[in-house]
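Some structures are shown below for you to check.
Same chain, two partners: chain A is paired with chain B first, then with chain C.
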Partner chain A sequence: MQVFATYTRAAVVPLVTLALVLASWQAVTVSGLFRPDQFPTMTATLQALGTALGTEALWSAVGATLQGWAIGLLLATVLAVVIGSALAANDVAFRSAASVIELFKAIPAIAILPLVILVLGSTLDMKVFLVAFGAFWPLVIQVVYGVRSIDPTVRDTARVLGVGGVRRFLTVTIPSASPYMATGLRIASASALILSVVAELVGGAEGIGRAILFARNAGVTSYPTMYAYILVSGLLGIVLTGAFFLVEKRAMHWHESQRNAKDNELGAR
Partner chain B sequence: MTQTLGAHAAGATPAGPPVLDVAGLRKVFNVGRPDERMAIDDVTFDVVKGEFVCIVGPSGAGKTTLLRCISGLSAPTRGTVQFEGTALTEVPDQLGVVFQDYGRSLFPWFTNGSNIALPLKARGVGREERTKRVNEVLTEVGLGHVEKQYPWQLSGGMQQRVAIARTLSYKPDLLLMDEPFASVDAQTRFDLEDLILEVREEAGITVVLVTHDIDEAIYLSDRIVVLSGSPSKVREIVTVPLGRDRDQVATRSSEEFLELRRHLLSLVMPH
Partner chain C sequence: MTTATTGSTAAGRDGGSPGSASAGGAGVGDAVAVAVTDVPSTQVTATPGRRAAGRRNRGRNLLLALWLPVVLLVGWWFLSANSTSPYFPPLQVILQSVWDEWVIGDAKTQLWPSLRHLALGFIGGSLLGVLGGALLWRLPVLRKGTNPIVYFLYVLPAPALLPAMIALFGLGEARQVALIAFGATWPALLNTLDGMRGIDQVKFDTARAMKFSSLRTVTAVVLPGASPQIAAGLRASLQVSIILMVVSEMIAASEGIGYFILYAQTVFAIVTMWSGIVVLSVLGTLLNYLFVFAEHRLLGWYHGSRAVGTDKA
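Take a look at the complex of A and B:
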C-alpha cells in the first residue's frame, strides 16, 4: 500500500508541476503581459504542435537532425576509441597529447562553425563535422582515462590466460574502460544534439534548427509553429537521454553501479 | 631432520629437465631511482613434474613478486627462470596462474561460462569443444551449472573455484597459485585444499603455491621453500615425507606433521 502511494506520488508530482507551468504560460499570454508576437499562447502552441506532428515536414526535419547527431557521434566514437586507446598505451604519447587535447576541448565547437560553413557549405557533411568535432574531445579524454584505469590484476589475468591482440582489446580493454566511456558518451550525446541543431539554425543544414528559423521568418502567424518546433527539439533531447539511460542500463548491467541500483530496487519492495 | 636441500619428493620421479628452474633470482624495483627497493635478493629452487611445492614467507617477503617473475609477468633483475627447459620471455601457454585477488581476476562483464571459455577461445578451441570443456571443469571443481551466472552472483569460495576452473580449462602443465585460499572461511579453505590435491592427482599437474600459512604448506606440499623476510633469500627447502594420501584430520594431527610444524615455525620465527 505504502509502495503504491510512493509510486503514485512519484508520478503525480511532476504532472501537477507540468500542469501549473502550462497554466501560468496560458495566464501570462492571455492576460496580455506578453504580446502574441513575443510569446504565443499555450493553447495556440500546443495546437500548432498537434498539427506539426501530423505533417511530414516535421518528421523529416527530426530525421535530418537525428541523422547528423548519429553519424557525427558514431564518427567521433570510433575515432576517440582508436586514438584514445593508442594514446593510453604509451606514456610519452599520452603526456605530449594531453595538453593539446585539453586546448582543443576548451574551444567551443560553435567557434569553428563559420570556418566549417565556409569549407563545406550548408550540407550534411558540415553538420556531421561540427557534431563529430564537438563530441570527439570529451570522448577521447574519457577513453584515455578509461583505458589507463584498467585494474593491473585484470591486465595480468588477460596476459596469463594468453588473451592478446584484438581479442584482448575487445574482451578486456573495452569492457574495463566502458564505465568511463559511458560517461563520455552521455556528455557527447547531449552536446551532439545541440551542435546538430546549431548547424541547422546557423549553418542552414536541413533539420529542426532550420525549421525553427523558417517558421520565424514566415511571420507572426507562424510563431506558434516555431514554438512547437522548439518544443520538439526539447522532447528529442529527453527521448535521447532516456534511450541512452536504457541502453546503458542494459549494457552495463554487470557493473557495480547498476548492480547496486538493482539491489536498491529490490530492497524497496 | 627433514631438510634435504635439492632432493626431490618421494613419489615424484625426476625425469628430464625440471618443469621449473629458478636460479639466483633477484628483483629490484625502481632501479637507479631514490625509491629503489630490493624485493628479492637471491632465490634458487626447482620443481619437478608432478610435484607440489609451497613457498612460505612472512608478509612483504616478496612472494607475489617471486610468482610474477616465475610466471613471466615480470622480468627478474638478475638470475634466470626456465620453464620446461626454456628461458621465460612471455607467459608460456602451458602455464596457469591463480591470483591472490580472485574477486578482481574474474571478469565481471562475462558470465562464469564465458570467463572459463576465454582462454580456450584464445587457443582456437571450437565452440562445441569449449562448451564441453566448460562443463567438465565446472564438475571437476565441484560446481554445478553456474556457467550462465555472473561471478559476482557467487560466494567467495565459489568464485575461487571458477577462477581455478578457468585456469584448469586449458590443461596447463604448471599451476601457480598466490595465496589462493587466504580470504575464504576455514571450512571452504579445507575443501579447496582437498580440491587442489585431487586435481593435481587426476590431471597429473605440477603445482607451486604461495602461502603464509605453515599448516597449509605442510598439508599440501611435497617440498616447502621457506623464504626469509624482505629482501628474501631461501632460508631452507624442507621435504615433506607425508606421502600422497592426505586427510585434513589424520594428517594434521600426525606426529610427523607436528614435527614438521615445529621445525618450520623455528625457521620463520624472528631470531
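Take a look at the complex of A and C:
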C-alpha cells in the first residue's frame, strides 16, 4: 500500500502541473493576450492534433523523418565503430587523427547544408548525408575512448587465451567500449533528429519539418495544425530518447556504471 | 598497443573523459537526468612533473597533431587545382573569394547581426537555464511537477519551433533571439540541476556546522561543486545556439551568414557559397575553442585536480 501511495503521489504532481500549463495556454489565447495568428488556443491545437493523428500525411511525414534519422545514424555508427577501433589500436594513428576529428566535430554540420542540397537535391540522400556527417564525429571520438579504456587485464587475458581477430573484436573490444558508445549514441541521436528536421525545413526533404513549414505557409487557419505538428516532433524526440534510455539500461545492466546507478536508486529510496 | 608505456603517455589525455560521460547518467533517479554532458575530449591536461620528458613528448604530440590537417589541406589544394566540377571549385579560388568577399569586401557586415543574435540568445538562454536549474534544485515539488514538461521541451528538436517563432514574434530580430534562447535554455538547465544535485550532502552539513551564510554557501559549496557540469551544459547550449543561429537565418531572413550562404546557393554563386561555408566553419570552430579556453581558465583548479588524480591511478 505504501508503495502504491508513493507512486500515485509521484504521478499526481506532474499531472496537476501539466493541467495548469494547458489551462494557462488556453487562458492567454482566449483572453486575447496572443492573437490566433500568433498562438492558437490549446483546445484548437489539441483538436488539430487529434485530426492530424488520423491522417496519412502526418504518419508519412513522421516515417520520412524517422527514416532519415535511422539510416543516417546507422551509417555513422558503422563507420565510427570501424574507423574508431582502427584508430584506437595504434597510438600514432590516434594522435594524428584526433586533431582532424576534433576540428570536424567543432564545425557546425549545418554549414555544409547548402552544398549538400546543391549536390543531392531535396532528397532522402541529402538528409541521410547531413545526419551521418553530424553524428559521425562525436561518435567516432566516443568509440576511440571506449576502445582505449579497455581493462588491460581483460585485454591480456584475451591474448593469453588466444582470442584474436574478429572474435576478440566482438567479444572483448565492443563490450568494453559499449558504455562509451551508448553515451555517444544518445548524444548523436538527439543531434540526428535536429539535423533531420533542419534538412526538411531548409532543404525541403519530406518529413515533419517540411510539414510544419507547409502548415505555416497555408495561412492562419492551419496554424493549429502547425502547432500540432510541432508537438508531434517533440513526442518523436521523447520516443527516440526514451527508447535509447531503455535499451541502454537493458543492454548495459552488467556494466559497472549501471550497477552503481541501480544501487544509488535503491539507496535513495 | 603492444607496450605498457603507450598507455601511460595517453593517460593525461583520456584521464578526464570516461567519468563525466557515465557519471552524468548514473546515480540520478529522475527521468529528466539525461546526460547531455559531452565528453570533454578537447581537453589536453598536462601531466605534472617529469618536465623534460614532458617537453619532448609535447613536441612529438604537437607534430603528430599537426601533420594530418596540413597534409589534408595541401591535398585538397592540389587535387582541386584543376577541378572543373561546378560544385567543387579549386581551393585557391575559394580562398581568393574568402579574401575578396570577407576580408576586403562587405560580406563581413553579415557577421555582426549573426553574432549579435547569437550572443543575446545564448547569454539570455544560459542565464535562464542556470537560474531555472537552481530554482528547480531548491524546490523539489516544482521539480517533480515540471519534470515531464521540461523533458519534453528539452528533447523537442528546436528548429521545428522556428515557424512558430515567426508567428509569435514576426520576422524581426526578436524571433531569432527567442529561438536561440529557447534552444540554449534546456541543456544549461538540466546540467545545472544535475550538477547541483550531485554535490555531496556532507559538504552542506559542514557548511551549516561552520555557520556559513547562505551567500557563502552558494559561492563556496554550490558553485564550485556544480560548475564543471554547468560548463558542460553551457557548451552543449552553445552548440545548439550556433545551429539555431544559422537555421533562423536560412528561413525568411534577409541578413546574417546563414542567409548569405543560402542566397549564394540559390543564385548558383558556388564559389561565394563556399567562401561562406569556410567562414562559418572557422567561426563555429573558433567559438567552440574559445569556450573550451575560457572554461579551462575558469575551471583550471578542477581539471588540475583531476589530472593529478589520474596520474596516481
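Worth pointing out:
Going forward, the second predicted complex is superposed on the first by the 258 of 269 C-alpha atoms of A that agree within 3 Å, B and C clash if a C-alpha of one lies under 4 Å from a C-alpha of the other, contacts with A are read in each partner's own complex, and residues count from 1 in each chain.
Criterion: contacts are C-beta pairs under 8 Å (C-beta built on N, C-alpha and C of every residue); 3 or more make two chains touch, one makes a residue touch a chain.
Computed from a predicted model, the values in this text were never measured in an experiment.
After superposition on chain A, the partners chain B and chain C are seen to fit next to each other with no clash. After superposition on chain A, the vertex angle at the CA centre of chain A, spanning the CA centres of chain B and chain C, is 90 degrees to the nearest 10. Touching more residues of chain A than its counterpart among chain B and chain C is C. Contacts of A:227 after superposition: chain C is touched, whereas chain B is not reached.
Of the two partner chains placed by superposition, only chain B is touched by A:157; chain C is not.
In the overlay built on the shared chain, the residue A:169 is in contact with neither chain B nor chain C.
Put simply, chain B and chain C get as close as 7 Å, counting only Cα atoms, in the superposed view.
The residues of chain A shared by its contacts with chain B and with chain C come to none at all.
Per the touch definition, chain C reaches chain A in the complex via residues 1, 4, 6-7, 9-10, 14, 17-18, 21-23, 25-29, 31, 34-36, 38-39, 41-42, 61, 64-69, 72, 87, 141, 144-149, 151-153, 155-164, 166-168, 239-240, 242-243, 246-247, 250-251, 258, 261-262, 264-265, 270, 273-274, 277, 280-281, 284-285, 288-289.
Interface residues of chain A, counted against chain B in their complex, comprise 151, 153-154, 156-157, 159-164, 167, 171-172, 175, 178, 254-255, 259. For chain B in complex with chain A, the touching residues are 68, 71, 73, 90-91, 93, 95-97, 99, 101, 104-105, 107-110, 118-119, 121-123, 150, 152, 166, 170.
Across the interface of their complex, chain C is touched by residues 10, 13-14, 16-18, 21, 34, 37-39, 89-92, 94-100, 102-103, 106-115, 117-119, 138, 141-142, 145, 148-149, 152, 179-180, 183-184, 186-187, 190, 193-194, 196-198, 201-202, 208-209, 212-213, 215-216, 223, 226-227, 229-230, 233-238, 240-241, 245, 248, 257-258, 260-261, 264-265, 268 of chain A.
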